[in-house]
Amino acid sequence: MITVADLRSAAFRLKTAMEAEADTLNTADGALGDGDLGITMRSGSRAIAAAAEDLPEDFGMALMGCAQALTKASSSSYGTLLATGLMAAAKQAKGREGIEPGDLSGLLVAARDKMMARGKAELGGKTVLDTLDAIATALDGAQDPAAAAVTAAEDAQEAFRDKRATIGRARIFADKSVGLDDPGMLAMTKIVQAVTGR
Amino acid sequence: MKKILNDPEAYVDETLAGLCAAHPESYRLTGDDGRVVARATPGKDGKVGIVSAGGSGHLPVFTGYVGTGLLDACAIGNVFASPSADQMADAIRAADQGSGVLRLYGNYGGDVMNFDMAGDLVEMDDIETTTVLLADDVASAPPEEAEKRRGVAGMVFAFKIAGAAAEAGLDLAGVTRVAQKTADACRSVGVALSPCTVPQAGKPTFEIGEDEMEMGMGIHGEPGVWRDKLRPADAIAEEMMDRLLADIDIAQGDRVSVLVNSLGATPHEELFILYRIVEARLQAAGAQIVMPLVGRYATSMEMTGVSFTLCKLDAELEGYLTAPCDCPFWIVK
Amino acid sequence: MKKILNDPEAYVDETLAGLCAAHPESYRLTGDDGRVVARATPGKDGKVGIVSAGGSGHLPVFTGYVGTGLLDACAIGNVFASPSADQMADAIRAADQGSGVLRLYGNYGGDVMNFDMAGDLVEMDDIETTTVLLADDVASAPPEEAEKRRGVAGMVFAFKIAGAAAEAGLDLAGVTRVAQKTADACRSVGVALSPCTVPQAGKPTFEIGEDEMEMGMGIHGEPGVWRDKLRPADAIAEEMMDRLLADIDIAQGDRVSVLVNSLGATPHEELFILYRIVEARLQAAGAQIVMPLVGRYATSMEMTGVSFTLCKLDAELEGYLTAPCDCPFWIVK
Amino acid sequence: MITVADLRSAAFRLKTAMEAEADTLNTADGALGDGDLGITMRSGSRAIAAAAEDLPEDFGMALMGCAQALTKASSSSYGTLLATGLMAAAKQAKGREGIEPGDLSGLLVAARDKMMARGKAELGGKTVLDTLDAIATALDGAQDPAAAAVTAAEDAQEAFRDKRATIGRARIFADKSVGLDDPGMLAMTKIVQAVTGR
């Protein structure tokens, strides 16, 4: 079972990774956007790690605590979408002490759908949604969920690299975006690597 | 591109503290975590509220334009980052005088998502809200996708005109209609010569050669249309006017206001050099220039560059544009 | 430090053309070679005239402050260079409404010599003139030689206060007395982080390391008091206040106005960060702050840096400072 | 006899020299002042050279024409002082077709005195006045006036190098000025070299 203790240590790993990756993410976002994704993820993960010190025992409420910490720290597109997704997952996990690996796919689907509604975007648009979708699919019945998630994120990032951006700031430079990773997909790959410890 | 600051994390809160300390007759800091600037003296009871929000680093946009005949309240995020939905909700509440609130702001993903969430939050308070988005940057999408464009300095016209309409007593639907008409009437384009530094990032938003410029660049350093050797002022102004006039019909006898805006470091001297061409082009098109604005109305901290905004007027918009307003950054008598 | 310009030789004339084109309701270009800016609508008959002059590159100083309750006319030289005696004489003539003209400007050798010559020239026109020099930069000479100091942003207070006195109908001796009292009441100090480029020189006015600043630097890049690593905003503000308060007695109950001025590129955000310390120091001294000014009131084109000016008020000066004025850069209602 | 034709060719030599020396003079002035002396001398000498094309035959009036051209082009301290000096010399030479080498010293004394009055400065203050004073003295009865003038200017510049500035912007940094040439003295040396062709 994945418990709040696991969530807490994942939060600390996330913070360490995002401190290290902030420049990389800023640069990736700066290629076609405003170059703030590293700042978003650094301050967001710092806030989550700080909140992790005293999360409630209820797994759903703990996820909600993470979402609220993220919201306060960062309100860029990405921060807002992640918080939206976390809240959707939190709702499903509410009242439970922990979740089983088998629940993960469903939680991700809930998050993905809520994020689509919030950002008014479709799948296939070369955004973080596509990474989440790929992970949700890969997790469904996976033997080694951590490995499956990381591979799915990496593969999605690669599969979309040569597509055109359709959403957010990068959309304006859709032609130039061909061959460049979507910064939000890149960030999600790094997030998954960090939280799984792979 | 050198900055005078303390802890980068404190940049925005210290800016707001100084803003309100210097102008206590105009501004009041409010909201749960002090990220909402509201009028020191609220608008009169029953006036439609106008609220804006966005990232810091653009003074006088956004918070500076809180004032009589302008905004009622404004939520402000970190530099170039949206404020949170909670902060926006606080700003909506501060702007409400019982007749509903117009959300008037620039088209950026983070701001839109959070203002949508904020709207959900204040529904519980029974505050009616409407939304008008500025999407005036012609360099950011072709006319067919005009609604996807970035919002830039055109915002200033929208604040002024919608603010005057609210002051004149129009109801929420009326103020919203006037604001939307203004948004539809504005076209902007910007050019950047050197970047600015976001305090929390600690390095410039983009790199550019000592002899280069970029046409169509966004106010956060988003890429533009082309990058090339620095051109003479008149050539730059001509191309900017070409791009604007290609995007909006200006006919003989039209009345147009214009904003020649410094992104920060570019001095007034150079804005006036550019203004010569703006005036010549509008005159050549047969247009009458109304109340031209030349100065620093919407900046990106210490970025070097300029933007031009055209705002095509009808009698209603012109009346509100030239009506009185009062904030420490802009007085119309 | 990148500039948007055409032929460097045309920088000033093109700036003036744009200034007057954008604000024809305020400014009128006159003088033998178009280097005098005068009020579009002259002051009322019999009002004492106030004239200033100096180099270009400091907008709104000097020409920007031509307006009601401010200057009547202004001769303007090339960037950072004095106008000629002939041009100054033209400006004096434009400012005259039959009751004499106060020459009010900053203490720089070229300006002084030429304004002296201009005074000789207009004697033949039977125009009575007086002179008040601003010498407010405490970094430029010790108190014993205070009259040798450079004139910097304190000028803005002198324009405002003397302008209101003239508008109120004081005679030449009275306006001159009030202007001199203001000049005596002003102390300024500046700090620079990066230079500007004089168009005709084509390169920056000085060189400075990416991590350095200079305390006490002049508005044309004249050397300051020390150069060292860039310090935090609060430390900079504290030292600037130390230097000012060491030079003027501010006692419990005094009323003081203050100008926190950007030299050009430094954004409003950072001025407000600095203002916190200015306010705290004046409050600690027991002073009451009156009408603080925070913004770009006296610049050096795109120089990065700030200046602080204190202006110690008595009831007469405060009355004139807070009286109405109107020019495109400064409205007091 | 020194005629208007000589004045004209001296003006052209002056312009060539000042175009070449503008940067040097800007730099010298920038050390303690505002760094514009090269601009002053470049635009001033351009204006004089342009005026030289059609100067009147009267030597005094011709000098006056040069002074007026200078005034229009440049009103910095140095430009104003030079114009003031030229006008004083012009007054003395008025009505004559040319001047004799023996008149030069007297003309310079007239210029020097008028400049002292205009700038409210004394001799010995490490300014252009000291160079003019040294040249006037050296020219008095000189065999080779050109050589005497150049040597006097160079010597004065050197003699004052280690003194403290007392006038103008550099006065504020009197201590730092020790060891630095006064930019106005340096400029006068270059002017004398150019007009004499030495």
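Chains: A, B, C and D, in written order; residue numbering restarts at 1 for each.
The rule we apply is simple: a residue touches a chain if its C-beta (ideal position, glycine included) is under 8 Å from a C-beta of that chain, and two chains touch if they have at least 3 such contacts.
This structure is a prediction, so every number in the text was calculated from the model and none was measured.
Chemist: Cα centroid separation between subunit B and subunit C, in whole Å?
Modeler: Distance between chain centres: 29 Å.
Chemist: How many angstrom lie between the centres of subunit A and subunit D, each centre taken as the mean Cα position?
Modeler: Those two chain centres are 74 Å apart.
Chemist: Please report how many Å separate the Cα centroid of subunit A from that of subunit B, as a whole number.
Modeler: 31
Chemist: Centroid of subunit A to centroid of subunit C, CA atoms only: how many Å?
Modeler: Taking the mean C-alpha position of each chain, the two centres sit 54 Å apart.
Chemist: Counting only residues that touch at least 2 other chains, which ones in subunit B make the list?
Modeler: none
Chemist: Find every residue in subunit A that makes contact with two or more other chains and list them.
Modeler: Touching at least two other chains: none.
Chemist: Could you draw the chains as nodes, link the ones that touch, and say if you get a line, ring, star, complete or other?
Modeler: Here the contact pattern is a line, an open path with two ends.
Chemist: Pairs of chains that touch, anyone?
Modeler: Pairs satisfying the touch definition: A-B, B-C, C-D.
Chemist: Which subunit B residues qualify as touching subunit A in the complex?
Modeler: For this pair, the touching residues of subunit B are 33, 77-78, 80-87, 108-110, 113-114, 116-117, 140-141, 148, 150, 198, 200-201, 205-206, 218, 220-223.
Chemist: Can you list the subunit B residues touching subunit C in their complex?
Modeler: Residues in contact with subunit C: 1-6, 11, 14-19, 21-22, 56-57, 59-60, 64, 193-194, 196, 210, 213, 230, 232-234, 236, 260, 264-276, 279, 292, 294, 296, 299, 301-302, 304, 306, 326, 328-329, 331, 333.
Chemist: Please give the residue numbers of subunit A that touch subunit B in the complex, ascending.
Modeler: Going by the criterion above, the answer is residues 26, 30-36, 38-40, 43, 71-72, 74-81, 84, 118-119, 167-169, 171-173, 176.
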